[in-house]
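As structure tokens, here come the structures.
Same chain, two partners: subunit A is paired with subunit B first, then with subunit C.
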Partner chain A sequence: MNVKEERANGVLVCILEGEVNINTSPELRKAFDEIIRNKESKVLVDFSSVSYIDSSGLATLIEMLQRLKRAGGRLCFSNMSQKVKNVFEITKLDKLFEIFESRQEALQSL
Partner chain B sequence: MSQNISKEKVISLKGVSKFFDGRKIIDNVNFDIYSGETFVIMGCSGSGKSTLLRLMTGIIKPDEGNIFIRGKDISRIDIEELDQIRKSFGMLFQYSALLDSLTVDENVALPLREHTKLDENIIRIIVKMKLSLVGLRGFESYYPSKISGGMRKRVGLARAIALDPYVVFYDEPTSGLDPVVGGVIDKLIKDLSAKLLITSVVVTHDMQSVFRIADRVAMVHQGSIVKVGTPEEIKNSDNEYIKQFINGLPEGPIDFFTEDVDLFEEFGK
Partner chain C sequence: MNISEKVPSRLEIIPEFISSLAEKIKPLGISSEQFFNIRLSLEEALVNAIKYGNKMDPQLFVDVVVESQGDKLIIIVKDKGQGFDFDNVLDPTKVENLEKTSGRGIFLIKNLMDEVEFSDGGSQIKMVKVFNKDE
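Take a look at the complex of A and B:
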């Protein structure tokens, strides 16, 4: 799994690539640690290149949401494949996170 | 779910036999279990169904034949490789097998702590997610002795799915539960299979449970497969063993008194 970062309208966009699983989610957590250290307050995660996410990946996102909220920030997601979206729906995490169809929609909201 | 049974073979048994003390306990068993289906192995006590479960989970090895898990022959691999494969199995044991000295959340966290290097905070969140899936949020700090049998089963199930397995093995999941709680556990097994796309392999002699959850059923008798079919095919089968088993008839080809000792012979002389 890779994490690429871009900036758009003052928002940090994290583009995840590959599988977020029990072996790779610690890398994602490290990238999030760095984002928190840099005091980013608006973060958008682009899922367009994510093929799979497991429970450890979901837990890493939940932790990041908590950390950003505590710091007064926001976390949004975009461009999920139906397969990945299903995982959020099954676990009812689609109600916890702000999930947008496109990066454009998410950026407008942020 | 049965309409989806054209998918990947998750488990394949080919000509599997097992001997204990020279006795053939499993006799030339062949079947395939497909991705996403709930496959039930039913049979009387001592029929060999639990031995089949132990063979499929690699606890014991076959003396003859091969057992393929996603194409890998687990009867021919070393213990390290087997351990690696078994991490992707979930297992719900007959009596839940919870550790009484650990709380509910510690029991669910156990495989995550044992098999991963995930941070404690991440493990805590995963445990909450799994307990939520089995409807047990709020019971995290309870000890197993303080909750009901049905709840213990649910904790066992949360623990079985802690590592996101693609196949879960259930050993008599409804045994020792009243019919209502048994029904709740069956519904949970079905829901989790459908939601998480888990392949479920269930060993049971609970007929109500068989017809509630199975996509396909294998009837085992004396270590051999009598028939594999849909619940409908099993219900309508003319096979005398199946008819006796599903109707719970004392008379029939399944002989419960295999060693018929005549008491007069024993004591009367």
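Take a look at the complex of A and C:
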């Protein structure tokens, strides 16, 4: 899995590429550690190139949300495929996270 | 089709195991959406078996059987552990549990597969998916 970063309107956009699974979640956690260290307050995760997510990936994202909230920040997601979104919907995590259809909608909200 | 495999208790080999299994069941023509759900369920079952059943002991294996019967795919995953109280698994969708970082594996399996049955005290899980073929 790759994590690319861009900046748009003062928001850090993380573009995830590949699968978020039990083996790649530690890499994602490392990238999030760096984001917290850099005191980023508005983070958007772009899922357009994420093909798969499992419960360990969900756990890593929940941890990130908790850490950002504690630091007074916000975390939004965008561009999920229907398969990936379905995992959030089944687990009702679509109620916990702010999920937007497009990056533009998410950026407007942030 | 009947596949029987012994999977070592190493989490890092799960994606490779599932990729090789995907190749073997390809001729069944399972739709990509259903394959996503089958894969996720199998991965969650394997992680539970390796982490909680076999307690990551590299000497222990997880037995996996995959069978097709008509339009049904049957997957059995068995570890060498003592099992668990499968009737009392927390509901991760309750508001008070939403921010918990564990406890979603079994819930996902139950919601993504058509039939789920535990036996041997919980050390064996049987999962059934009725599948459609890709158009």
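As a working rule, the second predicted complex is superposed on the first by the 110 of 110 C-alpha atoms of A that agree within 3 Å, B and C clash if a C-alpha of one lies under 4 Å from a C-alpha of the other, contacts with A are read in each partner's own complex, and residues count from 1 in each chain.
As a working rule, a contact is a pair of C-beta atoms (placed from the backbone, for glycine too) under 8 Å apart; a residue touches a chain by one contact, two chains touch by 3 or more.
All values derive from a computational prediction rather than experimental measurement.
**Student:** For the overlay on subunit A, clash or fit between subunit B and subunit C?
**Tutor:** In the arrangement built by aligning on subunit A, the partners subunit C and subunit B clash.
**Student:** Which partner does A:Q108 contact after superposing on A: first (subunit B), second (subunit C), both, neither?
**Tutor:** Neither: A:Q108 stays clear of subunit B and subunit C.
**Student:** Of the two partners subunit B and subunit C, which one touches more residues belonging to subunit A?
**Tutor:** Counting residues of subunit A touched by each partner, the higher count goes to C.
**Student:** Looking at A:N2, would you say it contacts subunit B, subunit C, both, or neither? Reply first, second, both or neither.
**Tutor:** Neither partner.
**Student:** Go through the superposed model and pick first if A:S55 touches only subunit B, second if only subunit C, both, or neither.
**Tutor:** A:S55 contacts both subunit B and subunit C.
**Student:** Check the residue A:L96 against both partner chains and state whether it touches subunit B (first), subunit C (second), both, or neither.
**Tutor:** In the superposition, A:L96 contacts subunit C only.
**Student:** For A:R29, select first, second, both or neither according to whether it touches subunit B, subunit C, the two together, or no partner.
**Tutor:** first
**Student:** Kindly point out the stretch of subunit B, out of 42-50, 78-86 or 240-248, that overlaps with subunit C after superposition on chain A.
**Tutor:** Stretch 78-86 of subunit B has C-alpha atoms clashing with subunit C.
**Student:** Output the subunit A positions appearing in both contact lists, the one against subunit B and the one against subunit C.
**Tutor:** After superposing on chain A, subunit A residues 22, 54-56, 58-59, 62-63, 90-92 contact both subunit B and subunit C.
**Student:** Which positions of subunit B touch subunit A when the two form their complex?
**Tutor:** Contacts found on subunit B: 116-119, 121-123, 125-126, 129-130, 132-133, 162-164, 195-196.
**Student:** Subunit C touches which residues of subunit A in the complex?
**Tutor:** 19, 21-23, 52, 54-56, 58-59, 62-63, 65-66, 82-83, 87, 90-93, 95-96
**Student:** Sort out for me which residues of subunit A touch subunit B in the complex.
**Tutor:** These residues of subunit A touch subunit B: 22, 25-26, 29, 54-56, 58-60, 62-63, 90-92.
**Student:** Looking at the complex, which residues from subunit C come into contact with subunit A?
**Tutor:** Contact set of subunit C toward subunit A: 11-12, 14-15, 33, 36, 39-40, 43-44, 47, 92-93, 98-102, 104-105, 107-108, 111-112.
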